[in-house]
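Structures follow.
Heads up, the next two complexes both have subunit A, just with different partners, subunit B and then subunit C.
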Partner chain A sequence: METVTKQNTIKDKLIAEFDYSKNSFFGDLTLRSRAMESFAKQGIPSRKSEEYKYVNLGLILKGEFAFSSQHKISREQLVDTHILKNAIVIAIENGVLNLSNSELTNLPKGLQIIDITVASSNEIFQTHFSKYSDVDADPFVALNTALTNGGVFIHIAKGAIIEIPIHIIHISSVSENTIINPRNLIVVDGNANVTIIESFRNIDSKAKTFNNALTEIVIGENSIVDHYKIQDEKEFGFLLNTTHVNQNTKSVFTTETFTLSGSFVRNNLAIVLAGEHIESNLNGLYLTNENQVVDNHTLVDHRKPNCNSNELYKGIIEDKSSATFNGKIYVRKDAQKTNAFQSNKNILLSDDGTINTKPQLEIYADDVKCSHGTSTGKLDEEKVFYLRARGISEISAKKMLMHAFASEVVDTIKIVELRDFVEEKISKRFE
Partner chain B sequence: MANEILAEQISSEYKYGFVTDIEADNAPKGLNEDIIRFISKKKNEPQWMLEYRLKAFKYWLTLEEPNWAHVSYIKPNFQDIIYYSAPKPKVQLNSLDEVDPELLKTFEKLGISIEEQKRLSGVESRIAVDIVMDSVSVKTTFKETLSEKGIIFCSFGEAVQEHPELVKKYMGSVVPYTDNFYAALNSAVFTDGSFCYIPKGVRCPMELSTYFRINASGTGQFERTLIVADEDAYVSYLEGCTAPMRDENQLHAAVVEIVTHKNAEVKYSTVQNWYPGDKNGKGGIFNFVTKRGVCLEDNSKISWTQVETGSAVTWKYPSVILKGDNSIGEFYSVALTNNHQQADTGTKMIHLGKNTRSTIISKGISAGFSNNSYRGLVRIAKGASNARNFSQCDSLLMGDKCGAHTFPYIEIKDKSAIVEHEATTSKIGEDQLFYCKQRGIDNEKAIGLIVNGYCKEVLNKLPMEFAVEAQKLLSVSLEGSVG
Partner chain C sequence: MMLSIKNLHASIGGKEILKGINLEIKAGEVHAIMGPNGSGKSTLSSVLAGREDYEVTEGSVIFNGKNLLELSPEDRAREGLFLAFQYPIEIPGVSNVNFLKTAINEIRAYKGLEPMEAKDFLARLKEKQKLVELDGKLANRSVNEGFSGGEKKRNEIFQMAMLDPCLSILDETDSGLDIDALRIVAGGVNKLKSKDNATIVITHYQRLLDYIVPDVVHVLFNGKIVKTGSKELALELEEKGYDFIKEEIGA
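Up next, the complex of A and B:
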């Protein structure tokens, strides 16, 4: 019973926080009020909610929470989280854009980066903001929409080829439990090309950060967008990361999610294929240990004919950690000639680990090829034996096999520097 | 072409839609404690049975009808159902001559000729039949032959009278009345069903079979089947069902429980052909069934095979709890939906013991405006070492107005488990059709051929008599589905 009352408290507190600061918010207050109403209706989902069945949010959101942090992050600490030598860096510190720590000088032609708090007057922003994330569909979307106090709006103009990757660093550092709601909108016009990296990092904290981050991405006709997420939140990081993508005709979108650490990571990834001849690729790798909880929810919504989607999620589960994969392929009535593939593979290494997977197909068109597969097991004994027979110790043999297992996902990273970075992280993990 | 085929499809009518004109003994409509007492009294039940019913009823009152399944229908009004209906001249029947000739005619129409079986009795016939019409069991054949071996095969009502200790011990042990909404309802109002007990070391010499028939209008059918296989026992059990064509939706909420002891094996096969409603989705049976088996002790095996072609709405998950070490659970299913039928069916495999194995093969076929979902759970509990599961769920779509869905749940808490799941969805291959047509096989037959081939893995698991029926049924139900 206790958790129930606590849950109500956090919900009530969030509502009170909204009423208290509603006059200091930027942007459209009507939209925010509507979102808050919707949140009040939905509440924090319990384990009885089908979508949040395997995570105990009541427990995570127990206790006191602040809604912003004054903790300053130094330049050095931030530089420490850089991954690429040459990148357009956007620093979002405790959910708010910090221009002085960002590197936004000499932006290439066609690229526009605006603080979301001052973007309201921008016409393109107005057209797209909050159009792809339905506040009634998920309480955390509602919460983010109602309470966000920062983030970034990125616009890539028609025909622009942005060669330097854009790196959005989500960094948090708090001294008391804090809920932050960063919100990003990325609009890519037609015939454009861009690579976006989002990294999540929690440093120097002694209290929980609950990061309810939401990114909306709109991709115009014929555009190519690569999107990487590096989630390395460490012990005090609790991340609920929602990404909503809307793809138009003939666009190609690739998203790769690497979950390396963090006490709790929940990814809600939804891609709408709103045009024809679209290609979508979704890859993910999660390496969980200790008491970590990682939950990947994906939705691929095929709305129009002749589109392809490929999905591959892999996980290695250690210690008492638990990993969930819930992927849905939705093929609507009109989406004939759809090819949709989904695969989820897991290795469970410990006695106390848990794997839950739910790959789903919901199909209303007949001329389609859709499949999903999932497998869970231990490391293949025969492969271990093969290596050991060649004089390799059991431990190195196992490491080698795990590395090989992970590399199917890692190898798809197109930026060499980023690939090396992820590989190094993985090597360290298996040491 | 398309119109022609459509016309043909409409003309391929439900074969079993007749009504038998038999006087029936009905309870008044509605559901309350008095009705339950009435049923219990009618069946001359001991006090403990009545208490169990009332307990279940009280619990049922606290429940709400579940709506998580991927089906939509108008919820039945539970006060508008007759909970007890018995074909009237119900006296103890000793020989077939005493059976109401109307009844015999019914079963002849259904294709289960008791007469013929009688003629072949003794050496050749391999099937013993228990026939349940509306609420009560009307005839069980071969009871004597079976009892020589110590096998108890009788109606549930008889079992309550004659073997109360067995019923008391096993009833509700696999599906407790608290299990779900419809199991609770069934526990409160069930009227009859089959009971089967195979004693230690006995291999049942013939297939046991129950034939369910809904006849009376306005009734619901709530039967209960309990099968217990003691150590080293084996039985193969068949179940078939049909209902008349009516505009109303009739509710069928059954419970089937299976218990296997050490080294025992139970094979349960169903050909479900309740009336599916007309081509506009009017009428038809709501089939909300709880079926579960438990491999109680080591080395036991439970195998479910089902061919689901009937019912307006199906909601059914035959499950196996693999409690004993080295136990095996199997689920083979073909679910076919046409017109406005909806099916949400699948299985649960709960691995608790060591070295347990389970196999799931599910083939879904949807045509017309129907929706067909597979929903399944594979759970490997902590300590269930070396558990192994393989699942395969294929869906075949015919036409662009139907839907095929897969919702598998996989929960693993043991590192030595190996679990695989794969699913595909596609339509009938144009090249396969072309190949057949090229060889002079017409479209219709080619589809039948391909579908039967697609389902072969499952149909092979059915006993001979049923396999033939199932194959025919598939072809009939699909006539003209692809243009």
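Up next, the complex of A and C:
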């Protein structure tokens, strides 16, 4: 006799996976169980959800998914994703730290890098882990907290100046559709200085990787942190990248997000300005084409007086691709003398492309300077003509103008090697 | 004959602006085209440079033996036509140097030449900067970004010097210039003059023609050249105003 069983939803499968694996997880099972309960309550957001209305997660997460991959990444494949000649390389392969492909010898004084699966006993880790990412605020935070099986804990000690950039390489390569949940915690004590690059690559795959990556960063007093994200996952990469940052008094944090490829990229970036005299800079550049969906959600939360935040996101949208920018700025009642600026500019190159842009300012203090602006247009024909009138072909003229548009963001990259890398990616893209 | 325009008619948005222009220019000549506002001066320069907003409805333009109207704007430039814009565009993010290097090398590629050697390019850059007294810092900045009106016009002549065209059209290059800037711009144009190239100076006022002395002066009125004469015609226009032309032609 034939029986018809109702196909389980992805939510049911994730809950089942948790129950099946919970005894083999590292870390705090109580926290994980609570996170899973929260996920079960929230579920996978549909397009009716205000926060996820421009992305079709139901479609992306349809079908069968594995929750880890045994697919190995060779040394050569990993080295291929290096960007800088000289960097402290952390290899996160299919969501799990691989020490043998990482370059962690001779770490500078004050820098500690620990596999997250064995970090639980570390006091600093305990103090900060999961303190900035609220499992009840977002289903993917809940999911990551419940199911993570790898990542890295980085600690920069008080007063340490780490001159060599730390490069976290998120690399995935799978043979069947897989959901991974890498989790990183970066704790920077006071008076310290560090540069962190997170790059995202998917290689050699014929199946989807849904990478639900989450990084928490806490920045101590007077510290300066530069953070770069290079997202270049190609067609089998589906990336949901959450970054939660907590800044303390007089710290300076700069984060730059470059989205160069990937079928789907959703960035949830939230920065809490928890002290006074803080500076936060958020820059982003997204170049979308084909059927790509790129969605940047940012939140800048001014909680205390005398802080500055500057935000600039730019995008070039081609073909049938779709880009979303949603930028929230909260200025709480106590946050007098806040300066908060936001700008989102887009060039739409095709008739079938879509851009959704939504600035959201909520201001509860009365002595503040805040502004936001957004523009979307085609390439300026007057500029194209001016260049052509000097003997430059139409194609080269357009390329030059797209480079020029992107340069406002690209030029802010402080590491020359990284800037050249991004420049080259952009050049190739417009060939 | 370098340029031969015959019975050129052009319109924009269905409105006819040029109503039968005839003009012939030989190498070594400087022609001034004067006329009141709305007479079609800028339309003529736009049509020659290949601005796509205008539709040529009748007539022909032969430039060095080629049908100019069939060429794209970039190919016109590569064939040696140069338009100094009335309103040069600011292009943030594109450096003057990179812009000129790309332009020169694309023009060279069109002629089947190798890209210019970096040191030759730099030498040329320095030499031509002096010609229009353009600060080296400006050359390194983005194209026209934050330039004053005078600097923008000097930058046009600087580009002209770098590209070494055979026919230059100066579209109201004197507008918005003070007397010092005017002298520098005109001095640059005069130094670039040779027996092999030609210049069309489009202007509303006679002032510029004190510095760039034309061989021939044309008066453009209501889309047609209604009078052609020597440089004295410009002085007469200055003295009597455009009304005397209107009376002469019975407009």
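By definition in this document, the second predicted complex is superposed on the first by the 423 of 431 C-alpha atoms of A that agree within 3 Å, B and C clash if a C-alpha of one lies under 4 Å from a C-alpha of the other, contacts with A are read in each partner's own complex, and residues count from 1 in each chain.
Keep in mind that, in the parts below, a residue touches a chain if its C-beta (ideal position, glycine included) is under 8 Å from a C-beta of that chain, and two chains touch if they have at least 3 such contacts.
For clarity, every value in this text was computed on a predicted model and none was experimentally measured.
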Quick check on the superposition: with subunit A as the shared anchor, is it clash or fit for subunit B versus subunit C? fit
Have a look at where A:Thr354 lands relative to subunit B and subunit C in the superposition and call it first, second, both or neither. first
Let me test your reading of the model: by the given contact rule, A:Arg390 touches which partner, first (subunit B), second (subunit C), both or neither? second
Once the shared chain is lined up, is A:Glu382 touching subunit B (first), subunit C (second), both, or neither of them? second
Using the superposition on chain A described above, determine whether A:His403 touches subunit B (first), subunit C (second), both, or neither. second
Touching A:His372 in the superposition: subunit B (first), subunit C (second), both, neither? first
Quick check: superposed on A, how many Å separate the nearest Cα atoms of subunit B and subunit C? 15
Footprint overlap on subunit A, comparing subunit B with subunit C: none
Spell out the part of subunit C that touches subunit A in their complex, as residue ranges. 49-52, 72-74, 76-78, 83, 85, 88-89, 91-94, 98-100, 102-104, 106-107, 110, 142-143, 159, 163
Taking the touch rule as given, give the residues of subunit A at its contact with subunit C in the complex, in rising order. 382-383, 385-394, 396-397, 400-401, 403-408
Complex interface listing, subunit A residues touching subunit B: 50, 333, 336, 346, 348-378
Using the touch rule from the top, collect the residues of subunit B that touch subunit A in their complex. 68, 382, 395, 397-427
